[in-house]
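Presented sequentially are two complexes of chain A, the first with chain B as partner and the second with chain C.
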Partner chain A sequence: MDSPSPAKHVFFSPARVWAIATNTLLELFRLKVFYFLLIFALLLIGSSAFMIEFNFQEQFQLLKDVSLGSMSIFTWLLSVLATAMLIPKDIEDRTLYTILAKPVPRFEYLIGKLLGILLLLLISTIVMSVIFVLALYGRQQYVLAETMRGSVGMTPDQIQENLREVRNATFTWSLIPGIIMIYIKAALCASLTLFISTFASSSIFTIMVSVAIYFIGHLQGIARDYWLGSATTGALPRVFLALVALIFPDFQLFNLVDDIVAGNSISLILFAKTAALGGLYTFIYLLVSYFVFASKEL
Partner chain B sequence: MPSLPPRPLRQRTWFRFAQVAAVLLIFGAVRLPIEVRLNNEYREAFFHGAKLNLSLRQQIGQLGFLAALGGFRALVADGLWIQAHIDWTRTEWGKMLFLFNNVTALQPRNLMFWEMSAWHMAYNASAYALDDTSQPRLALRLKHQHEYFLVGKGILERGIENNPDHYNLYEALGNILRDKLQDHLGASIQFAKASKFPDSPTYEERFSAYELSYTPGREREAYDELLRLYKEGDKERLPTLCSRLNYLQETLNIPQSQRIKIPESMLPRPHPGQTPATSPTTTQPATIPTGPSPTP
Partner chain C sequence: MSAISIKNLTKVFPIPLRRERIVAVRNLSLDVEPGQVYGLLGPNGSGKSTTMKIVLGLVSPSAGSTHIFGRDSREVESREEVGFLPENPYFYKFLTGVETLHFYGKICGLHGAKLRDRAAELLNLVGLESAADRRLGGYSKGMLQRIGLAQALIQQPRLLVLDEPTAGVDPAGSREIRDLILDFKKRGITVLLCSHLLSQVQEICDRIGILHKGVLVREGQLNDLISIENQTELILEGATPEVLAQIHALLDQSGAHVLAERRPQTTLEKFFLEVTSPKN
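Up next, the complex of A and B:
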């Protein structure tokens, strides 16, 4: 009797990557990382109640800034903290050896891990966006009711104009690209943290370096401007500025949300270019992670 | 004892780091022109080509620098704005101005911050200065009041430099020039600029013409403009417009045959005991307006 022929091993299997990604996500679910969403919701409700003293433009402005700023902070923290512990935890639990003992290439393992984190960030961003829209809607309804109460004696045209002004100050579709950009920035941070964790000696080291790079990344644009401009003389400062400009990512490019909340819309082409750059960054950091991880002694 | 065979090149630590550094540097060199171009496009889109100059960076100071470090400009600006609101309830105008300068430097493209900062200074702080009981001399109180008008004006002028593409700040500046500084020509120019924007309210053109009608030596221009607006139809034939047109017809001695016959019903009805105003007022209004929004 013929024995069954072994299944042919494929070089890259999306199914294997998906299995690692879903397991990573499940693992993070079990760590109760979503409790931060409760803090986010409480923050919005708290700030919403505090804003009653302001006029409606200020209320909406502050609510949007607080919500989107908190989304930005939470997604960044989540991306750094969750990614920093992935590989060390797998080593500690010996899960890594079990996975790599099977015919799973190391790049599949890394892609799966990153995909798990990206799914976690996606779910978090969507949930936070829903909470944000609900808070904004609730505030809008409150302000509309107040406006109606205060419009006694006005003509229907004036009332409609006032209501239109309130609606225009609340939710605009231009906020969507801003939220997507928050997600892309968090994805970039996750990929960068994964890269650091491939050579880091501990999770603390990974977190510290990631946070430092995050802050340096927000100044990269200034370093680049000074390097490319003629303001800086001297070889040593120029080399230093060049290294900062070439090695660190420009996080400032992904901070579109401040300007969007201020009422400036972003063109689709500009948004697409920035999103593509974010995707490229994520890919490159994943690639260099593989370079380090491929020959890492485990 | 036999020595271990040398590790292959690709497994050596220095080689791995050289490989990573090379990829990062090559990627950096590739993305550099892309980032420069994107940055320029953003400046074009959000700042209309105006770069944040050094003086602005100096103004932002340590606080703004820290905010920029974290990428949380908006949150820091909001925190300062809330602080300014608290200081408003304590009537600490100097501290408010300091905070307003920081807020507007952090968020130069946010119109609300410019508009509200200018309103607080030109309307609230100025009214407080006039009623300041700690200063017994009226001349000094008036001087302080006038200084606050100018502070409000200055804020809006800086706001316009940063946001030349929105009508709101031109209108707010027109309001201050009209209501506080009695600069009718200046106000007319600002309202005219505001009216050029496609999304501006229709009253901007009327406001511009009204203010021109109060400007000595520009009556003819004002008359032509008001006449043009009048001829546009019923939606423009508002009591103030009819009143100013009527006044200019008299002032310019327009021949009877060319005059517009404005029915009495279309002229503003004076309050009991008040005569209709035909010339610009020269006294300062000492009352505090309720908000920065104009009434058409």
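Up next, the complex of A and C:
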């Protein structure tokens, strides 16, 4: 059995991380999680049935609302559900033993798992974006044809003006940062769920805690405004709110897409700051995951 | 240098929300020499699996230390030399046999043609070439154990740690795994084996240790431990009644006692394999 010796051990190996990440992606792919993209496509096609009675601005507005809202929900659900099953399942099936009994540091295992999920979310976001753009383009072509039909007796300049109005209301570049922010928020949720799964006893517990934190993260802004705005709020609630704000991200900050769909432009500075905040939270949760996982008795 | 060196190892598990603590392993010391097949035996809950997990760095010791070829088990580098097959492993059901070996090879630093050749070689060794492209979800228990052995060997380790490698496997599959372990021994691979199948342990182990309630109660060369000092066994073939009578007379004269006289029996395993072999 003359076989090759393995490479000398290195402290951090991108090849090992990539092997774990691609294996995680393959696992989710073969579990057919991408089927939810079909539901997304059907949702967009189905929503078109309700659009006929609106004017074209309202039609595009509705389509963007439905598409980007669905993208936000689907990527969040995917990030929580897919991440929650990874580590508990590896422990339950003892697959984790065979991986960590190889020369694989625990932080590489965690990074590989998270990277696999981030790749899955990236592919899903891109595919959903393409479906969204195609749906928007289809709606635009329909409205353009309707505009042409309704322009009998108009001058060529008037017709061109009407068509330009339709085109301008369809695609705007500001949709791109909105979609990127949906991805960043889902990545943050994945990292948070990964952290919970390092100490949780089951996937169900992980999902429940992750969903609870998601809602706390969305509501904490409202609670902060209410309690801190009141002069009668005592020191204890203020300390509690400060702790909540520190531990849980304010998910409302990442909902830039709502403003974008409403037609408000987002400054590059605000986008960059929010993206950096999302990246920072993702990194912090990964780091804390490692501290918990490194001392975990398997 | 010992393949495995365990010194004064103690592992205590605290029980959450209670003051009680469970001592899984108590002051255990033993050495496994290179090339040996060492059987770690004991009833359920005796601390065998905990000891294995500490050796593999999956669990940290409360006191004492474990080393693999001189490297502390807590260092990731010590796992360069180890292959591990856990009890009832599932692996990733969505992967095929060959994909499984490629995955484990990649995390051990193998890649390209070397990895492909190594995977093919191991599939051949464990007799799974024809099932290489089938997903593990469709593998039988015996096939899973064999692919488990192959993944344990992927980086050509000098030490194999096997936890109940034949649990739940039919007698034919069990014998194949036993033959593979004997083959590893011939190749100079050290094996630490945990098993409840004592007849199999007796066949393949050079040395054994018996754990009971976390304490090593017996340890030594298998032959030394199980041989009865003042008795001798003779197995004769073709002896006529006259020859037997002469032997008895001689024994009576010498003052030795015949404790038992019977026809040797085959083992139930051999009998079972004989009647279920494809030749019949």
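A few comments on the model shown:
What we mean here is this: the second predicted complex is superposed on the first by the 280 of 298 C-alpha atoms of A that agree within 3 Å, B and C clash if a C-alpha of one lies under 4 Å from a C-alpha of the other, contacts with A are read in each partner's own complex, and residues count from 1 in each chain.
As a convention for this text, contacts are C-beta pairs under 8 Å (C-beta built on N, C-alpha and C of every residue); 3 or more make two chains touch, one makes a residue touch a chain.
Computed from a predicted model, the values in this text were never measured in an experiment.
Bringing the complexes onto one copy of chain A puts chain B beside chain C with no clash. By the touch criterion defined above, A:F54 lies against chain B but remains apart from chain C after alignment on the C-alpha atoms of chain A. Between chain B and chain C, it is B that contacts the larger number of residues in chain A. Using C-alpha centres, the superposed arrangement gives chain A a vertex angle toward chain B and chain C of 170 degrees, stated as a multiple of 10. In the superposed model, A:S72 lies in contact with chain B only, and not with chain C. Once the two complexes are laid over each other on the shared chain, residue contacts for A:P103 go to chain C alone; chain B is not touched.
Using the contact criterion defined above for the overlaid structures, shared-chain residue A:S267 touches chain B, although it does not reach chain C. In the superposition on chain A, contact of A:E27 is made with chain C only, not with chain B. Once both structures are overlaid on their shared chain A, chain B and chain C have a minimum Cα-Cα separation of 5 Å.
Overlap of the chain B and chain C interfaces on chain A comprises residues 295. Remark: chain A residues 53-55, 57-58, 61-62, 65-66, 68-69, 72-73, 215, 218-219, 221, 224, 228, 245-247, 250-253, 255, 257-259, 261-264, 266-267, 270, 273-274, 277, 280-281, 284, 287-288, 291-292, 295 touch chain B in the complex. Across the complex, chain C meets chain A through its residues 13, 53, 56-60, 76-77, 79-80, 82-92, 94-95, 103-104, 106-111, 114, 117-118, 121, 125, 148, 151-152, 155-156, 161, 187. Those residues of chain A whose C-beta lies close enough to touch chain C in the complex are 1, 3-9, 13, 15-16, 19-20, 23, 26-27, 30-31, 93-95, 97-105, 295, 297-298.
Partner chain A is touched in their complex by these residues of chain B: 10-11, 16, 19-20, 23-25, 27-29, 31-32, 34-36, 38-39, 41-42, 45-46, 68-75, 77-78, 81-82, 85, 107, 109-112, 116, 166, 291.
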